[in-house]
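The chains carry the letters A, B, C and D, assigned in the order they are written, with residues numbered from 1 in each.
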């Protein structure tokens, strides 16, 4: 049971993070909070991939002299993929911040309800 | 960021670590083949240095990177990457097949150098773009007209 | 029921569904740390076994990132370049000497 | 050099995009010329690739010289070649169209705009030709980010609408990535062909169904399928006309294309995929009707066209979900037709807005005399949208209905026909306002000029698209038998 739990906990954690992010993105009324929730959601996927790379007893994927067997190193592929995904996340955040700054400069608010009111005028 | 919030204390405090941070950024890029690190990480550290200088000493400081130069740096960085790919095409390999590059080295070292080249490209590109994004986000109030022109 | 409440209910419903399928499916995924999982046995052993003498880089992650899947990294660099230009366009920031003002 | 065509399709606009903003600072004309040349290069390369793929079978291009599944591979079969050609042609036409539009912008801004446009094209082409699931995600993000920036370059309303799109679009991309993660956990591979082979050994499990669900939901959001379409109308309403002309014509189609590729070429052999397809067909049928009904309710022409796009995406999805040969032919032909019709409509409507400043039906009064050529193009494209022969729209609907009958899905056949009637309602209303209503006399204001056609650079792309609506209708047999026939064979993967 204990090892069963430990083998699954990564999936549960990433599922919980994903749901937290999704909840924040859809339900928060403040645009900055939506953006933060978006980052939480991306982190959930990053964590999911990274936990796939894990091998019990494996070490960091950098070749050490004399050790050649495959199981001694964890899987490098998800790490490489997630470096790319992190950069994508950074870029998306940058663009979203630019949009928010433009909105804030014009309307003076980032609360969705106030924003809707001011857009009606 | 039009107005730097520098003072003589901040100025002195930033002058000391900046060369070391730059050195560390170069180390992270170059040593990325042997240890954790690589183009993006090194570029981000380098960009942090430049942004630190910008914040403390303002946009016009010769150390800082103004936004046009940052854009040129970004283009050149990505261009270096894509250009190495085009070079490999010219020398008859597939796109980004570094092994065909005409370097006087053993085959695996040729690939090593090719990846080093693209890591440097990534680092330059990331530096330029991060400075550019910082600059765009902190640029003073641009006149906002309703049609966005 | 204001539209906001309707949206709230719908969102909660959707999240319950997502939560359900996530927790249901997770039981069928390989256990964490299992060295016999498909992810660790199909493609990735090749990188660990061959990357040092094929690419000269002892760091497998760098070898995968910059060489085996180097094209993804070109895409990644393009993404961030796009983001830089996007910020400029969205905020209406100008390049070139014109916008420098005092110069 | 000719074996490198698949990668050149993507690299040419990418490299051009790097230098356009810098060149624009010096000479705007050169930047424009470079943009146009790059897009012509795309058209030439994808044309060459398509011919080769038709003659000798699909081209596989190993990036970096690494064989799949260890490296990334580009796959150019007739389907992706055809899509790339379509994207290239529409992009080149829109690049011509942007020229008068950008005249009032500063050179730096116009250069950045053109560069982002090229990056958007790069991203879409990358999605189309890639044979790797993660590479598809990277290019999806390139196209999304460039798309956000272009959409937000309009009025301040566009920034708010785009932020919503960004949130939803990121959910979509994250879902897709999570689905790919599940597939990777199950198969250990990211190459599409390899995943397909390994999935057939694994069979169906719950985790696999979840992977499909996440991928389908993610890509359906990108393709604006009905209950997930919320981002589209606002984003389309406030953005600059050339952007919308391109994005409406191509971007959602690329989402549909990616879904088609994943469902048919990766997940094909499995039980769960067919269940997803059945569900998808009902969703798509609702999308067709709901999109049409919502379109009728709009008085703003651009919103009307946006909802009509949602309905038309439903056609494509329903055709894909039915899966019979005729339905697939119809769906792919409709991808082509709708790209051209909707591109033409949005560009022409954008032209009207450029002259009158508005998109409401009222702004179209008297347009038949003021801009006769533009309105004629709108009429032609509208007839095709309704699906009257001999225009292109008729034939794709014909194949779709035939496909529904083949599958004994009488409900769906009825849906196709009913929605044609609904299309007729809102397009004839537009035509009535433009042709039959008399402008109210306006004593106080200076009356608008009687004849004021668009400049040549805007009229030319509109009419090239309008003519191809007719030509595609007349020569649809050769398109179907020459390209689409080969595109739907799954052996091409």
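Criterion: a contact is a pair of C-beta atoms (placed from the backbone, for glycine too) under 8 Å apart; a residue touches a chain by one contact, two chains touch by 3 or more.
Just so you know, these numbers come straight off a predicted model, no measurement behind them.
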Between A-B and A-C, which chain pair is linked by the larger number of C-beta contacts? A-C
Suppose each chain is reduced to the average of its Cα coordinates; what separation in Å results between subunit A and subunit B? 24
How many angstrom lie between the centres of subunit A and subunit C, each centre taken as the mean Cα position? 8
Mind checking the centre-to-centre distance between subunit B and subunit C? Centres are C-alpha means, answer in whole Å. 21
Subunit A and subunit D, separation of their C-alpha mean positions in angstrom: 29
Listed in rising order, subunit D residues that touch 2 or more other chains are 14, 18, 21, 25, 63-64, 134, 138, 141, 145, 148-149, 152-153, 156, 159, 184-185, 190
Please list all residues of subunit B that touch 2 or more other chains. 34-36, 38, 40, 68, 71, 75, 78, 82, 85, 95-96, 98, 126, 133, 136-137, 142, 144, 148
Can you list the subunit A residues in contact with two or more other chains? 18, 22, 52, 62, 77-78, 81, 83-84, 87-88, 91-92, 94-95, 97-99, 101-102, 106
Make each chain a node and each touching pair an edge, then name the shape: line, ring, star, complete, other. complete
So in the complex, the part of subunit B that touches subunit A is made up of which residues? 34-36, 38, 40, 126, 133, 136-137, 141-142, 144
State the interface residues of subunit D toward subunit A in the complex, per the touch definition above. 134, 137-138, 141, 145, 148-149, 152, 156-157, 159-160, 162-163, 166-167, 170-171, 173-174, 177-178, 181, 184-185, 190
Mind listing the subunit A positions that touch subunit D in their complex? 18, 22, 25, 31, 34-35, 38, 41-42, 44-45, 48-49, 52, 77-78, 81, 84-85, 88, 91-92, 95-96, 99-100, 102-103, 106-107, 115, 119
For subunit B, which residues count as touching subunit D in their complex? 68, 71-72, 75, 78-79, 82-83, 85-86, 89, 93-99, 144, 146-149
Given the complex, residues on subunit C that touch subunit D span 21-22, 24-30, 37-44, 46-47, 67-72, 75-76, 78-79, 81-83, 85-86, 88-90, 92, 94-96, 98-99
